[in-house]
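Some structures to go through are shown next.
Both of the next two complexes hold chain A, though its partner changes from chain B to chain C.
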Partner chain A sequence: MYVAVKGGEAAILATHDLIAEARRGNEAVPELAVAQIREQMGLACARIMNEGSLYDPDLAALALKQAQGDAIEAAFLMRAYRTTLPRFGSSEPVDTAQMAIRRRVSATYKDLPGGQVLGPTYDYTHRLFDFALMDGASPVAVPAAAADLLDATMPRVPDILGAEGLMEAEEPPEGDPRPFDLTREPVSFPADRDVRLQAMARGDEGFMLGLGYSVQRGYGNSHPFVGEVRVGEVSVEFVPEELGFAVDLGEITLTECQMVNQFNGTKDVPPQFTRGYGLAFGHAERKAMSMSLVDRALKAREFGEAAEYPAQQDEFVLYHSDNVEAAGFVEHLKLPHYVDFQGELELIRRIRREREQRLAGEIQETQVQETQDTLPEAAE
Partner chain B sequence: MTLHQIIPGEDTKPAYNYAYLDEQTKRMIRRALLKAVAVPGYQVPFGSREMPLARGWGTGGIQITAAIIGPDDVLKVIDQGADDTTNAVSIRRFFERTADAKTSEATDEATIIQTRHRIPEAPLKAGQIMVYQVPQPEPLRKLEPRETETRKMHAWAEYGLMQVKLYENIARFGEVTTTYDYPVDVNGRYVMAPSPIPKFDNPKMHMSPSLQLFGAGREKRIYAVPPYTSVRSLDFEDHPFRIQSWNEPCGLCGATDSYLDEVITDDRGGRMFVCSDSHHCETRRADGHRGAMLADASALHLVDDKQAKDKVSKS
Partner chain C sequence: MSGTTPRQQWLAILARASRAEIESLAGGLGALPDHDVLKAPETGTVMVEGRAGGAGRRFNLGEATVTRCVVRLGDGTMGFSYALGRDGRKARLAAVIDGLLQGEGEAGPLRSGVAELATRQQAARTLASRKAAATKVDFFTLVRGA
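Our next item is the complex of A and B:
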């Protein structure tokens, strides 16, 4: 009874100690350093940077450590920190055509300028345990191919198609306004593409993957080809007002995916390919690919296609892809609800009582009727 | 309202602004609040910030409180009517930490009362501000999932769907089966979600001398009921709105007019009913009201009645 809620403060403080103890685990095992997580769990850090909407590998690693590897909890830590940071401006648009390529594959051309660059990928590993890793300290083979073997120019595949006029052109909206910032302003619907891409970039990888998959399986009208997936470093430039020219702030790792989709054209527009676009921090191919599938699906309205399926509906996708919000609301069910539950208890008891009384009344009535009906027969 | 930036120490831990939110954000929220007060019951979209507490755990209410609290305020935080529910404790600690807030469990002392799921039993006074935590600000959401549609329905005051739903309840069950978050008509214009307070509390909103503010952090909406505004629970002439009632009084303080929580006392069907408003119950016990089960509960140390008395007499 009241004892369950009294002393809440002491109990809360005790949970903090317990979580610290659980996080540390067996003290006979050396503690993880944040730098180890950053260097050796890079893909996990990339996911945290994406869903936490903050490019900072060190903080992502710290978040993972603090959250015991819980990706959503780690993203939450990132966001709660990010929201307190001052905004001193927007960078210049990054140019992924100038990316220092680590990996670049196209499914639409056998060969193309710059060639196919497999780079670091699990794609062709056999998923067999490498038990040598269990013992630690595995020797690292130095890859033969160095970056300077790559071509200097790696044009983006959609640009090649665009030169032929076969790819849907993408122009910035009139006046090229600053993109919407959904962390500072409320989203309204129908949402424009800048809002949609932003929401998907921070959306849950699993949710985006499921939605993208649903489009492929027929819950959406999509026939995609991977025009290109590229992973590498781009430089971020910023123009300080007092200088008036761009200065280089540093490099970030990005994964970009451009899907090529069919489009039948309309009376005014000749048949052409349409684009699905995905961009993610770090090496995050699955996320970028899923995002590009859903991006194309969400363009249904622009192309006059019926928006029948979840992946085509911006309200559905945008409201439900945010895993920090979703986790908060799902898990708030743990909070006490006994006031509301008491209301339901009172109602259901009363309705059942009234129902029983009614049924009892009906039975009596039928019994009375039966007696009345049967009496004359008995008399006969 | 004064601002005091917490000065970063030598090994600079990141410093937070007074009441956590930066002043620009507070200004944005205050603007939304002013609009909400000007149009009672209308849901004002606002740039809800990501908070260090989870969505669905009161981030809307916390943002409103952070935007209006000042050093002179006394804050009371309740969840399910009680000051000592874990999340209420957690939110109170948040403001003690970030805004150095003076807090109280006494309803009449508080200038700001942040609440989840209840309105205190003691009548509120002019000058007090109620801040409700709202999970779903849209009263029509369960009838129409699309925001684009529900906004139109509000704009046109097209509430037929809600009336039909209430009617269908009555046709099927003989009464409206909504027991909490029972929709209300505010100022004769907007249908509004009162947040998941039991319908027992709805009448307290009507013509309340206090200012009532509603924050939905995850859904990014703020709305308000200004003091002395009509708040009518939707009903029909032949099926008037009615509130919950209990067959027995509070087991601890004997109150017959408060909202009661049911407490299971053993595994043989034993139960007792106690006030959900813990401060109300303690005040009554301190005033000498004694419920039938108070002696048992005290003997089992389930209620520290002496402490309750001390607390009230001190305040």
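Our next item is the complex of A and C:
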């Protein structure tokens, strides 16, 4: 049990000033503007929006600045701020088929309607330092623009397989129910897919990546292909009660991954491909891909597969993926535990005392026995 | 949005405009018309929903910040603004503009201002699409063991 402490106000105030100084660093170096972080650290901002579970690039940039670039601390700031805001309601489900695509690749089809679009990616870079960036003021090359636009809409790749009947169907359940919201209701297990997807969307990227990797390495039954990764802008629509019609609130950037997995079939289901799905705020491919691997692994129960490994166990995944909760519980160990520790100290002293007394008693008994014993070797 | 009313279209365009663009649009009117602020600019969130696999079961992806404002013009027209982000000033001006647009004919000055914004937004989308199209790729599969 944790026993609260009080006092320490002066020291705590002093540490606030000290952390502010540490955050600022050398004052001879210009201070970062939030807009610079938003524009030039966009992938970091995307991660903060996902794990903070709040889409707002400006706030994500501010969180990163305030947290000195500590991603989990920044996510914590986002979560804390979110709790101060009223919720107006839920959007219409975003339609990723209508995405204004900036990047879209498939590992399953070379030629697919709409084509393969590399977009902005580090995939084909050499991972060599660009020292021109060190000097600043590096001229930005103007990217080429093709004469023709991309197709206005591109089919989602699993839907192509679906048309052939080779892909697990993906349809809303009867009545298209409102999704469970784990920020408002306690999660129970087994958790349905809407709960799992929400938890993974706000889950730690590193944790999801490790779990996804474990599935690929054999700790889970997964042999996936990237059906498609797409990145681009999607409209968010919301129906305010007082208006009664859908209002387009603007666009958010999303990354979607559709993983295509083998499935051997069962008595009732013919062999087919099955889906793993990942969706993330901003440009966040590693997150969306990891999420889609684990999404498929977590369907083990639905497909009657043995759930032998961590990535297949919803309780394990959902209880450990939230980095704000995990960091809170791990890091609370730093806080004063004086009373608990005094208790433990007292306990271990008592146990030792009792052990010594017991041992002393046993030695006496042995000595008594030895003197009675006639066999000389027993004295050794 | 497809199959939308003119009002839905201008609300979408105003939501995507920057504060500077909205200020410039409102500045073209001279003084702002008298209006009551029925709902002061308020920032909250909307839970963004996705669908599993893109088309399946709904799930909560995460929230997004949204700012709204409701005004009533002198003639009783209600103007609304709902947009992503936390810009209260933009919300109030956009709500007034929404109110005015409802009373304005198709050739009105605000309508043409909104049309200009729409053109600019479309041009940005077109350029982004053309830049993406320049990265279209054809990978060739090599024959194994050849």
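The criterion applied here is as follows: the second predicted complex is superposed on the first by the 360 of 380 C-alpha atoms of A that agree within 3 Å, B and C clash if a C-alpha of one lies under 4 Å from a C-alpha of the other, contacts with A are read in each partner's own complex, and residues count from 1 in each chain.
One rule holds in what follows: contacts are C-beta pairs under 8 Å (C-beta built on N, C-alpha and C of every residue); 3 or more make two chains touch, one makes a residue touch a chain.
The structure presented is a predicted model; accordingly, all values stated were derived computationally and were not measured.
Participant: According to the stated criteria, A:L347 is in contact with first (chain B), second (chain C), both, or neither; which is it?
Facilitator: first
Participant: More residues of chain A in touch with chain C or with chain B?
Facilitator: Higher number of touched chain A residues: C.
Participant: Considering only the touch criterion stated at the top, classify A:E308 as touching first (chain B), second (chain C), both, or neither.
Facilitator: neither
Participant: Let me test your reading of the model: by the given contact rule, A:R82 touches which partner, first (chain B), second (chain C), both or neither?
Facilitator: It touches chain B and chain C both.
Participant: Contact-wise, after the overlay, does A:E9 reach chain B, chain C, both or neither (first, second, both, neither)?
Facilitator: first
Participant: For chain A, which residues belong to both interfaces, chain B and chain C?
Facilitator: After superposing on chain A, chain A residues 82, 86, 183 contact both chain B and chain C.
Participant: Mind listing the chain A positions that touch chain C in their complex?
Facilitator: 49-50, 53-56, 58-59, 82, 85-94, 96-97, 100-103, 110, 115-119, 143-150, 156, 158-159, 170-173, 176-183, 193-195, 197-198, 201-202, 235-238, 240, 242-243, 245-252, 256, 258, 275, 277, 279, 281, 295
Participant: Which residues of chain B touch chain A once you look at their complex with the stated criterion?
Facilitator: Where chain B meets chain A, its residues are 14, 16, 22, 45-52, 54-57, 59, 79-82, 84-90, 93, 116-118, 135, 145-148, 173-175, 177, 179-181, 196-200, 218, 220-221, 244, 246, 259-263, 265, 272, 274, 276, 278, 297, 301-304.
Participant: If we count contacts the way the header does, which residues on chain A are in touch with chain B in the complex?
Facilitator: Those residues of chain A that touch chain B are 1-3, 5-9, 11-12, 76, 79-84, 86, 183-190, 315, 324-325, 327-332, 335-340, 342-347, 351, 354.
Participant: For a test of understanding, state which residues of chain C touch chain A in their complex under the given definition.
Facilitator: For this pair, the touching residues of chain C are 1, 4-5, 8, 11-12, 15-16, 42-66, 68, 70, 80, 82-86, 125-139, 141.
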